[in-house]
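Next come two complexes, and both contain chain A; in the first it sits with chain B, in the second with chain C.
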Partner chain A sequence: MTGNVRLQELAVNESGFVFDPHTGLTYTANETARYVIEQMKAGSAVENIVEGIKAEFEADGRDVYRHVLEFIHNLQEQGLSSLEAPVE
Partner chain B sequence: MSRKPYEKPMLVKHQLGMLNKFGSVPSVEPMVSIDGVAVAELLEKYGSPLFVFSEQSIVDKTEELNEAFKLRYPKTTVAWSYKTNYLDAICKVFHREGSWAEVVSEFEYDKAIHNGVPGSRIIFNGPLKPADALEKAFRNKSIVNLDNFDELQTAEEVAEKINEDVSIGIRVNLGTSATPPWGRFGFNLDNGQARDAVRRILAGGKLSLNGLHCHLGTFIQQPEAYQEQSAKLALFANWLREEHSITLDYIDIGGGIASCNTLHTQYLPGSQTTPPLSRFAEAVSSGLSELSCQPDDYPTLFLETGRALIDDAGYILTSVVANKRLPDGQRSVVIDAGVNILFTAFWYKHEIVPAQPVSGTPEQAIIHGPLCMNIDVIRPSLLFPPVEVGDKLVIKSVGAYNVTQWMQFITYRPAVVMISTSGEHALIRRAEELSTITDMEEVPGWLQD
Partner chain C sequence: MNKADVVIGVTGLNATDNPGPGISVIRSLRHDPEFKGKIIGLSYDALDPGNFSDYADAVYLIPYPSEGEDALKNRIKYIINQTGMQICIPTLDSELPGFNAISDNLEEAGCKMFLPTKDQYEMRSKTKLPELGAAAKIRVPAQCVIASIDDVYKLHEQFTFPLVIKGVFYGAEICHSVEDASIAYNKMVAQWGVPIIVQEFISGTEFDVVAVGDGKGGLVGAVPMKKMYMTDKGKGWSGIVVKGDELMEMTNKFMKATKWRGPCELEILRTTTGEHLLLEVNPRFPAWTFLSAGAGVNLSMAVSQLAFGSDPDVMPAPDAGTMFVRISLDQITHVDQFQHIVASGECHGMEPK
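== the complex of A and B ==
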């Protein structure tokens, strides 16, 4: 994940306020999104992110894998991540 | 360690210009019940999707309209516009509240009779009134407003056939500074055609003219248009009395008053831009003050207000069937109610709200219906909270035209329910099933096994 400069530079505070220093644009991330961004910055693979969410959140019965993939695609489309979803 | 509540991960870009002098971004407040009845209970009992009508809303709006006009012009009578919604139960509420029936076809005429409306309380408009229908209406002493010279001739033939005194009104069209031309129906008042029609009626000697009818257009938000209309009609009534000694029994200003829905082309919500009914009443009474007759001779004012009375009384309850992300990144929410039952989605930004508490960050979304058609879009864009498959939504202000112009297309039209003023609920139209469709069909002998 070290090549994912844009994502590494995103400023994310604890209340979910996200600032992109490249564009000056700001975003709101919910708690799960913050978790995924932190994990991506740390270089976690999708499978590990999904397992981590299931452990920390009440996600029983939810298609967390699909949600995480969709979120990562969303980051790419908004120009906030340069990488495809990393898979182990 | 207790786990935190899960929300699908979402990142929403902040939009500039979302706050302005007109107010903030509209919030999406859940609507868990209608007139005290839980949405979940209605869907559980009658299925999804489901049309729901509030009897209380109809009663309140009808009372508001009557009060607004009768305060300013006491000889006012409201006639329920059947084409706007002719479900029997809906019509019966309006009739119970004192409304006559305004119909625009023989089918609607028969439906009004079927609903127990006396013939003398039916106003028969519309561009097609076959001879048989005219005969029925004339014998029943209904109010008939003629549309064109050919229909005038047919009416004369029918009057001669039944050998009775027959009174008729004529429909006229006219220009106002606030509405687009609506010249297809009736005789034009501005170019003298309406005066020619009067002369033609008098020359025929078989019909008596006793009323004027004019319907300006649709979704009119400008009261001043009605002021111009009623003033022109009043001046025409003065001319009829002065030139031809005709005293009119009624002036019918039609319908067309906007509901509180929001057109796609509007920036501000309809709840802010549609004037209250009292302003329309003020405008009409101001226009009618041009009448030069004695107060005892003032004609009855007929109103055919439809949309403004029934739109807000109707809801569609619907269920989320899928969440999708489109190739261009847009979020799509697919629901089980399509444009075949909600064709007003092509005109209005219908308000859509969840029927249960929601959490999570709202994100711009397209609301798609379930039809296998690309144009099945209920809302092209709205800020909407996260929803899951199975969540219930309420689409507001769908009461006008949808249950008369809906299409049976690839699926069954849903049930329609009414909630009474006391909070009871009951079916007023059953959901369709396969036999509803196939019972109308025939298979020729050579195709049968």
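== the complex of A and C ==
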């Protein structure tokens, strides 16, 4: 099963509790992490996710980009995404 | 089968810290909103905790398998006469050969079962896992069977450490050295006798699947689960239903190859590289069977219907994310109830205080 399929199957609730029905593992995501997962599930590009976070959370541009890439790498390590994040 | 007045007997009421599946199976049957029948608890020991719950309408002691088939046959026939028991669901590994041997007698007396055949029971034996894997085209860990402590000191010729030492009926220990292996060997032999199974150790995540086969190669229904918390005996104390296409695919392959009849539990390892290996097959419902009913797949009811000769209800996909969390409770009873079971071997109208 590919990471993107697993990403689509992730159950994420409003409080940031994340359940992976493929492994039975659970995670806790903060507000921005939940936003990134939801945007990735909707098929948004990394650049659009970064712009969205800047607008939604009033965050600084360069740090946001780096943090989003780091988070996507974390998801990849967990087998939860096959999305190729651009190398900084 | 008329769920409104059917009488079903269930064994395995030993709901201890290493629980038998009986109470879980009974709760599943009662979970069906249409079920209004009676449950007869079949118990081996007067102090089995299930004897003192109100899950069964009546409890009867039955003889241990060591007392032989005639003793079991006579006792079950007596229970059929007393209660009108129409279906019996044995739930313990050790009693299956005995119940299989008397199944024709019980059917003549009006009580049906839906059990794996004697051949199927032997086919899934731990010692025959490689043959089962080859027949079903399912990957299994490399293993060998030993029956002497001398063999432990030759294991390094065939395996690298760590490896797994398994008892013929129960128990498994990961061993990192010859010393570990010899201690585990002696412990398993003392508990379960020989032979001992030695398996290669493969790291990964274990999943369990409770499933029912229709006896013709088809899968009636299945629920895959991952244990979330285990006791020091390795028993799942909580678990969660997962989606698992690969787990269901392996379960289907197993059913097709064995034409499995009745309930079973498959223990499957998912390696870190995503491969799936069959570790073990238990020929009966597991103790966490009630989770399947909670996830919308009432496999206990399906087995009752199949035993009766009816078509089982259509099984939906299990609801992933459904969890069980086991609990220990002290049941309060009275010596009157206990003495009734001890003195007469039966107890009716169970009412926990």
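As a working rule, the second predicted complex is superposed on the first by the 80 of 88 C-alpha atoms of A that agree within 3 Å, B and C clash if a C-alpha of one lies under 4 Å from a C-alpha of the other, contacts with A are read in each partner's own complex, and residues count from 1 in each chain.
The rule we apply is simple: contacts are C-beta pairs under 8 Å (C-beta built on N, C-alpha and C of every residue); 3 or more make two chains touch, one makes a residue touch a chain.
Here the structure is a predicted model, which is why all the values come from computation and not from measurement.
Colleague: Look at where chain B and chain C land on chain A after superposing the complexes, then choose clash or fit.
Modeller: With chain A as the common anchor, chain B and chain C both fit in the superposed model.
Colleague: Please compute the chain B to chain A to chain C angle from C-alpha centroids in the superposed arrangement, rounded to the nearest 10 degrees.
Modeller: About 80 degrees between chain B and chain C, seen from chain A.
Colleague: In the overlaid three-chain picture, which partner chain does A:G24 touch, first (chain B) or second (chain C), both, or neither?
Modeller: Second partner only, chain C.
Colleague: In the three-chain superposition, say which chain, chain B or chain C, touches more residues of chain A.
Modeller: The larger set of chain A residues in touch belongs to B.
Colleague: With both complexes overlaid on chain A, does A:V68 touch chain B (first), chain C (second), both or neither?
Modeller: first
Colleague: On the A-aligned overlay, A:E9 touches which partner chain: chain B = first, chain C = second, or both, or neither?
Modeller: Second partner only.
Colleague: With both complexes placed on chain A, how many Å separate the closest C-alpha atoms of chain B and chain C?
Modeller: Taking the overlay as described at the top, chain B lies 7 Å from chain C at its nearest C-alpha.
Colleague: Which bits of chain A are touching chain B when the two form their complex?
Modeller: Against chain B, chain A makes touches at 18, 25-33, 35-36, 53, 55-59, 62, 64, 67-68, 70-71, 73-75, 77-78, 80.
Colleague: Spell out the residues on chain A that touch chain C in their complex, using ranges where they run on.
Modeller: Residue positions touching the partner: 1, 9, 11, 19, 21-24.
Colleague: Spell out the residues on chain C that touch chain A in their complex, using ranges where they run on.
Modeller: Contact set of chain C toward chain A: 205, 207, 225-226, 228, 239-240, 242-246, 274, 320-321.
Colleague: Considering the complex alone, what residue numbers of chain B touch chain A?
Modeller: Where chain B meets chain A, its residues are 3-14, 325, 329, 360-361.
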